Every structure is written in structure tokens, then in C-alpha cells.
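What follows is subunit A paired twice: with subunit B in the first complex and subunit C in the second.
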Partner chain A sequence: MRDETSDYLTQSVLAPDLGKKGTGDMAYNEKESHGQSENMNDSGNGVHETPQPTPTAADQPAETQPERPKAEPSQREHAVSPDAPDEVKTTIAALVEAFPSLKPFHKEDDWTEVVVPAALLKDVARFVRDDERLKLNFLSSLSGVDYRDAGLQVVYHLISIPAGRPKLIMKVNAEGGRDNAHVPSVVDIWPTANWHEREAWDLLGIRFDGHPNLKRILLREDWIGHPLRKDYVDSRPPRERQYKETWAPPSDRGVRHDES
Partner chain B sequence: MGLIDNQHLPGIITLPLRRLVNWSRKSSLWYLLFGIACCAIEMMATGASRYDFDRFGMIFRASPRQSDLMIVPGTVNEKIADRVRLLYDQMAEPRWVIAMGGCAINGGPYHGEYNIVDGIDKVIPVDVYVPGCPPRPESLMHGVLMLQEKIAREGIERPLVRV
Partner chain C sequence: MADSEMNISTQLEETGSGEPRIRTEELLINMGPQHPSTHGVLRVMARLDGEKVVDAWGDIGYLHRCFEKIAEKRPLPAVIPYTDRTDYLAALSMELTYVLAVEKLLNIEVPERAVYIRFITNELQRIASHLLWFGAFCLDLGAVTGFLYAFRDREKILDVYESLCGARMLYNYFRIGGVRNDLYQGFRDTVLRLMDDLEKRLVEFDNLITSNKIFETRTVGVGVLTAEEAIAWGASGPVLRASGIPYDIRKADPYLLYDRYDFNVPVGTNGDVYDRYRVRMAEIAESIKLVRHGLEDLPRGGDIMADVPRRLSPSGDTYSRIESPRGEVGCYLVCDGTDVAYRVKWRSPCFVHLQLLGTLSRGSLIADMVANIGSLDIVMGEVDR
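Presenting the complex of A and B:
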């Protein structure tokens, strides 16, 4: 039995303290290995499985989640198929060598995906930018995602301009729950993250620790709420239609120079 | 307007002053150079040589203080609504407004979305609505001709079209 949230969980490993379901490191590792085995079996497209319509996220604990064959330990260490592009193999090797706790896998084409704990984000980001094999110096996009009960996530798309092909997707689960979701800022590593992070704060309410100027960028500054959240309710008062003074009722019609 | 040809003096035209004023106003509508979204592309095309707004006596002015007409071309969101209102307040009377395109009329495809003002008539009074997404230059010119008819009637008869 699967539903949307379990898709999210298997595809993008969520930090255990965020969702209601994750209870500890065991669940964390179990879910992560699910994500990997799934990506090995059907080339990383776990999202495309048809969601079952009936159950909601709340009444299905994470421990009773899909019984799919778990990856063998040997497979788990080499979570990349032999026919993956060389860039992917290089990226995965470099990441695992520097950060053994990370579990990068081949996403599709020449994209590598890795889920990074928020505490490690700054180190990993600085590593992938400066490493000679990766040189991921271009932050192509930084976007926020709202997974409802499972929490908020920030996705970084990285491209290497000098090295050409290597591409990396970093996913970071925000810490602190929905009301105080926060993630370390990477403005000092990729300056282009400045406006992207302001946008994610503006529309999704993810705080970026260490951002030099974290304020609204698209909406007006007195806006209430973050409208791209799934539970956002538009509470703006209705506006009245405006009329010219000359078309008001005759009793209170103002004197106008061209009305004789 | 009456033409008394050669009865008293050649070339003398008699007409009410009101009509003369309206005629001069409608024949030189200077519009504010002001674009919000994709409708502005069509407005620029209408002002360029192929469709040629100049033949209506319309040229764009970059200052609201020299403009008679504001064409609102595009989606009005909450943030720019204040700026549109500010520009409108800076225009000297008499002033007119054309709401160009579905977004400026009632929000169009973005009706009811967050941060969208559902129609510029919630911010400033509108004289002529030009539908389309975006309207072709012919539509905008038709809207301008309707506005000219409206201006020609001002102060002479009550406006027939209450907008």
C-alpha cells in the first residue's frame, strides 16, 4: 500500500525528527535503503508509481511501509549501475570518499542525486564546489518543496561549468518543523543563492541561517503567510470596484470642470 | 457643428465650445509609457509604424504629468497595484484609463490567485475594457476609438455607457 507521502519518503529521505513517522536512525536508514534499492531496480523513477488513492498519510506508520526487496549490502555500496555515465560514477565516488555517510545515487541521464543532512550542508557544498573532480561552481536553481506532514525540503541543482558534464541534485530537509523551518544558507558559497533563498523564504517560509538579507523578494513586505505552502489560506479583504467621481449618484456628485 | 459657408466670411465654423474642447482632447490622447506584462508587447506594436497610433494623435509620454491616458497592459499584482495608483494620481485631469487584456479586466487566467488584484478597476476607475489575451492591435485601436466617442460626449450628454 502506498500513498503520496510514502512516495515522498522513499524517494527523498526525510530527516527523522521532521515527519510524524520517522522515529529514529533505524527508520532513517531503512527508508534510505528503500530509496536506493528502488532507484537501482527501476532506474531511479520511484515517483512514477501510481499512488493508491485510499489511505491518507496519517494512518500509515512508516514501519509498515512497502515490503520491497531490500538491497544487499554489497549493492548498497555501489548504488550505481555499470552502464551509468562516467561523470555519475566519478561524482558518486568523490562524494562517498569525502563523506562516507552520504548515499548518492544515479538519478537519470547524467544527474546524480544525494540527500544531505542540514548539519552537513555547508561542508558538502564547499566540497563539491572546490573539488577538482567535481567543480560544481554553478548553482542552477534552488527551490523549496512543501511535503505537508513530512516537512519542507530545499533542492539544489548544481552544474559544473569548467568540467562540463557532472551535475548534482542535493536535497536538504529543513529542520525545526513547519513553523520554524530553517536550513543553512549557502550564499557565501554560491552568491547566486541570495535571491533564490529569499524567494524560498518569501513563498514557502523556509529560513536560511546566515543569509545576509533575508526578507521578502516577490510579495509586498506586509504580506501575511507564505502562499506556496499547501495549507495557505488567502485572507486578503475583498477590494471594492472604483468609479469616477462623475458617475457617483447625483446627490453627492462633485463639481467637475467639464460638467456644466 | 455648423458650417456657414460663404454667407458671412469664408471658412468660418460655428460650434459649441464644449465640442471644440472635446474634439481637441480626443484628438491628442497622450498615453503613459507604461507596460506591466505581455500585453505591453501588443501595445508597443500598436504604437509602432505598422499600426501607428500617431494617426490618432497619440504619442507616448514617459511622465504621468504629461499624460492623458493610461493603458494598463498586463497582470496587476498586489505589489504593483500601489504603483499604478500612484501613477494615476500623478496624472492631471482630465484623465482616462483603458484596461487592456483579460488580466487587467478581472485577473484573467490568474483570477483568484494569491497576490493578484482581480482587475485594475479595483484600484483605479476604468473607462474602456479591451478583452483579449493579449488583444491584437486592432482591438486596442477599437478600444481607443470607443474612448474617443466617449470623450466627444463628455459634458454634452450623460454618458450612455456606465462602466
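Presenting the complex of A and C:
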């Protein structure tokens, strides 16, 4: 059961085409291609730059920009569509002005998204917090994501309070490979990142350079491994085996089908 | 005498000026993880100088179930019951955050009647949660009467939920694309009567607690959180608003029907424990108003479920956030085109608020630390997930 699930997931992540066979996916593909053609029309008017065809940004070093496992539709459009909310346009303008190498884009609703190289993170973070136009003083969430071979990623959701906008998503790909993944800490910029970063270290094994107290927070200190990693293997004895050894269920109904 | 033997001794020692003074030592004490005032299995460490708190910090993880890993192993709809178990006192808020995220990825339009049902039940949830907080907080301060009164009224809301979906705490009621079942016969009248009742009860609570001299002494000026600190530490919900910031996701980023109805966002001035109490009680009154509005405009009939494909296979990532009774709940959902989420991350307000413990308690009395923890409205299931 366990292997089946993980294989299924592996296939679809590493080779996105494999997962696109169900009817639900067909519908999604249609929508996606529709959105893309709309965007092409926009750029045909000469108002915007041509969207980049592939998600790999050529201007960033390969190790800070590992190829994402799947190309999101929004990742391809770096141009601002005319119907994007004003805050999104302001955010994109401010970011590009200060950091010409960044490629922010309109994500959804009024969220702006930008992929930031780990080396630039501290500068960008300080800029978006202090800039008069942005004032992103509230770190709503800090999430780590394990993209298998593509590496680990940290996602920052930022909001300006009390207005509630603009809103910015910063994605930072961890440097140093899976065994030594690390990202600069932003605790000195948003103190609330403290426990979030400890959680990301605890569950995903991302090191945050400059964190004052990077210890496990949810798990025991002697825990082995980082459970939210996709390749995590539980080192404890499997529950099912213990269960079978002590008592044999009368029928299939009694067997637990969940994994360890 | 060895240093280790001196830890409880208080001795006279000579100071430079020749006057003897009492030499004291800091004492490290441990509260919990099994302690009546910690609202669950929370362990608090405090360094004390006499009765003054020098520093305090929380140790969490006793209730950790790695919910986020479970969510990566189950089909998308099967995660909903697990979300209930995170914040078990406002389970519908957690369900709502999750279904909103999935619906955003799948572009599902939820039928009007289902939106109204979600809206009403969610606001009822806020009232129930704030009532429970009120009761538990009174208990923290040693006032048992408030606890009994609050539980009496919360019970009636739980009865409504029991009739609606069969459960009193862990509802499993929202579905991706709507709600599980329609309202029962007489829901409207029961809830309207309940709201009338509650409005009178609020006056009763007010008379009982608000101007109570002992209560004021224990709460006014205790655990002050400035607006700057609140924002920097990521405080949200009533904790942020008590510090004077009028920020409510229901206003700033409306979901469900919050953009249709007018309601006030209660704001405090001092950011102390007392203000947090006032803000929450005022929010109950606003929620009563919203429930009434919702019941008034509730469509008479219609679908309660959207047409949702049998096999869900969303792709991409999204972040949905709502205003739960405790603050900003966020769900960062990454999907890879299969029917199982690739990554689910919860932003839970209590997890963030617990970081404030040191800031709030430093310099205050040890007894006030209990009031501080209580005023943050901590639910450990949500902290540890």
C-alpha cells in the first residue's frame, strides 16, 4: 500500500505527463491552455513582454534555481496583465526597480509571486519590509516543501497590515543539496519566523543560517530524520508487524491498511 | 559550601558600600505539561526572580501527530476529518480553510445555499469558541461562576450542531464543493431564539465580570503587547486587534459572505489582557448580528453541493486564509495532479501566539503568566498539529 502510493506520486511529480490521464486532468489542461492563449493575445498587442516559454529562468545560476517538478501555468507569465489589481502592479514595479534580476509575476487574486535566490533573500526581505510602497510587515506563513530531486523550497507569505495588501509570495530554493539544505534566516527581519523556521528544520531538515536557536520544536530532540521529507523512512518498528505477531485477525476486515 | 547547595538559600552579603543586602538567585521553574492552567499539554519554563518572571518560554510538541504527513497520504476529501482534530474547539474554521484551498485549486463554484450554511455555522462556531474561552479564562483567574455560565450557553450551540451533523465537536460537515447535509427542520427558529437568548446573556456576563474589581486588578495593564510587537511577532485575530490594529481578514480579504454584511471590528487600546477580553466579548455580539443577517437572507432551497468530479486531481499551489476565532488560519496546499495532496502546511494562530509568551510575561508576576497564557486562547491541538 505504502509503496504503491509513493510510486504513484513519484511518477506524477517527476514526469508530469504521466499523471495527466484522468478526465479531471483533461478539464484542467483545457483551462490551462485557454489561459495561456489569452496571455499570448495580450502580448500580441505589444503592451507586454512575451512570456517566457519555460520555467527555467536563464538569468539565475542553476544551483539556486533548480527546475521545478512541474510547470505551473502562472510560472510562465512574467508579464503583468492589464486587469491585475493595482497593488500587484505596484509590487511588481517596486521589486523590479530595486532588484532587476527578479521576475515577479501576478499569481492569483491579488497575490504577487517571486522566486528569490537564497543569496538575495535577506536583501529582498529587508527591502519589502521597509519600502514605503510595500511595507510587508506581517509574515503570515513560512512553509517548507520537499520537491524531491528538484530540492527543498521555502515559501514565505507576506502581507501588509493593517491594509491587508499588497500580498507577496516569496519562494526560495534551498542551497546545498538535500543533505545540507540551507537558507538564510529571516528571524531578525520578522521575529515571528523563529518558530516557523524551527518547524521547517524539524520536519523537513532545512537549515536556517543565522537562526538564534535552531532546535527541533515539535518532535523529540533525539528523533532521527525529518518526517515531512518525501524519502523519509520511519526508523521505528512497523506497527502492523507488531500487531500481526501478537494477534492474528480473524478476517481481512481487522487488518489495518494504513502504513506504519 | 558548594554552589549547587546554595540554590534555595537566600543570604546576606556585603555590598561595596558596606551595607548588607539580600542576595537572591534566579529560579528555573517548570509548569506542565500536565497543568490545569496550560489549556492542554503545554510545558512552560519560567526563570523567576522572586515572584517576578525574568524569562518564560513554551515547550510544545506533546500533541504532535504530524497531521501534515497524514494529509499527504490520504485522498483530498479524506483529509477533512483530520482538520477537525487540529483546532477541536473551532473545527469548522479548520475545515473551511482546507476546503476553500481545494476549491480554489479546482475552481469550484459553491452553491449559494451552501455558502450561507457555511457562513452561519462558522459564525456560530466563533460564538461557541469565544464562550468557551471566556469560561476557561475566568477559571484561570479563579472565577468559577463564569465558567459555569459560559458552558451552559455553549452547550446550546453544540446542541444545534448535534442536530445538524450528529457531532458536537468534530463535525466533519463541510465538503469540497459544499456541505454534507442540508439544515434540519426548525434550524432557523432554534438559532434565532438562541441568538436572542445569547444577547441577554452577554449583558449578564458583562455585569458579572467586566466591572468586577478583582477581575480588573488581575487584567488591566497585565501582559501589554504594543502594536509594533504584535505585528512583528505575527499576532492575529483578537490578540492583534486588542493592540489597536483594526485588521480582520473578514474585512481585509473577504471570503464567504463577509463583504455583503456590515459588521464592526472591535479594537482595543492598550493591548493588555483586559482588552483581549473586551475584544472577544464584543466579537460575540458582532457574530450574533452576522448570524441573524445570514438566517434572514438564507435561500429557501437549492443545491448544497456543487458538481464535483468523482476523482479530484488539482494541480498547482495556493494559500487560503480565514479568520478563525483564534486568529489567522492559513492553509498552503500544493497539489501535483493526483488525488492526494503533495504538501499541506497549516499556519495556525496559536503556534504563532505561543511565541509571545516571553514578551508578555517578562517583568510580570508569575500569577499573571497564567492570565497571559489564558488571554492568548491557546488550543494545543492546533499548536502541535
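Simple rule for what comes next: the second predicted complex is superposed on the first by the 156 of 260 C-alpha atoms of A that agree within 3 Å, B and C clash if a C-alpha of one lies under 4 Å from a C-alpha of the other, contacts with A are read in each partner's own complex, and residues count from 1 in each chain.
We take it that a contact is a pair of C-beta atoms (placed from the backbone, for glycine too) under 8 Å apart; a residue touches a chain by one contact, two chains touch by 3 or more.
Nothing here was measured: the structure is a model prediction, and the numbers come from that model.
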| item | value |
| --- | --- |
| Touching partner for A:219 - first (subunit B), second (subunit C), both, neither | both |
| Partner chain(s) touched by A:190 [first = subunit B, second = subunit C, both, neither] | second |
| Partner chain in contact with A:114 - subunit B first, subunit C second, else both or neither | neither |
| Partner touching more residues of subunit A, whether subunit B or subunit C | C |
| Touched partner set for A:227, first subunit B, second subunit C, both or neither | both |
| First, second, both or neither for A:168, with subunit B first and subunit C second | neither |
| First (subunit B), second (subunit C), both or neither touched by A:137 | second |
| Touching both subunit C and subunit B, counted on subunit A across the two superposed complexes | 218-220, 227, 258-259 |
| Interfacial residue positions of subunit C with respect to subunit A in the complex | 60-61, 64, 66, 68-69, 72-73, 104, 107, 231-234, 240, 245-247, 249, 251-253, 309, 311-319, 321, 328, 330, 332, 334, 336-338, 340, 342-343, 345, 347, 351-352, 354-355, 384-385 |
| Parts of subunit A lying in touch with subunit B, wherever the complex brings them together | 218-220, 223, 227, 232, 234, 236, 239-244, 246-247, 257-260 |
| For the subunit B and subunit A complex, residues of the former touching the latter | 18, 21, 78-79, 82, 93-94, 114-115, 117-119, 121-127, 154-155, 159, 162-163 |
| Residue ranges of subunit A touching subunit C (in the complex, touch as defined) | 5, 8-9, 12-13, 16, 19-20, 22-25, 27-28, 31, 69-70, 72-74, 108, 111, 137-141, 143-146, 155, 157, 161-165, 169, 190-192, 194-196, 199, 203, 216-220, 227-228, 258-259 |
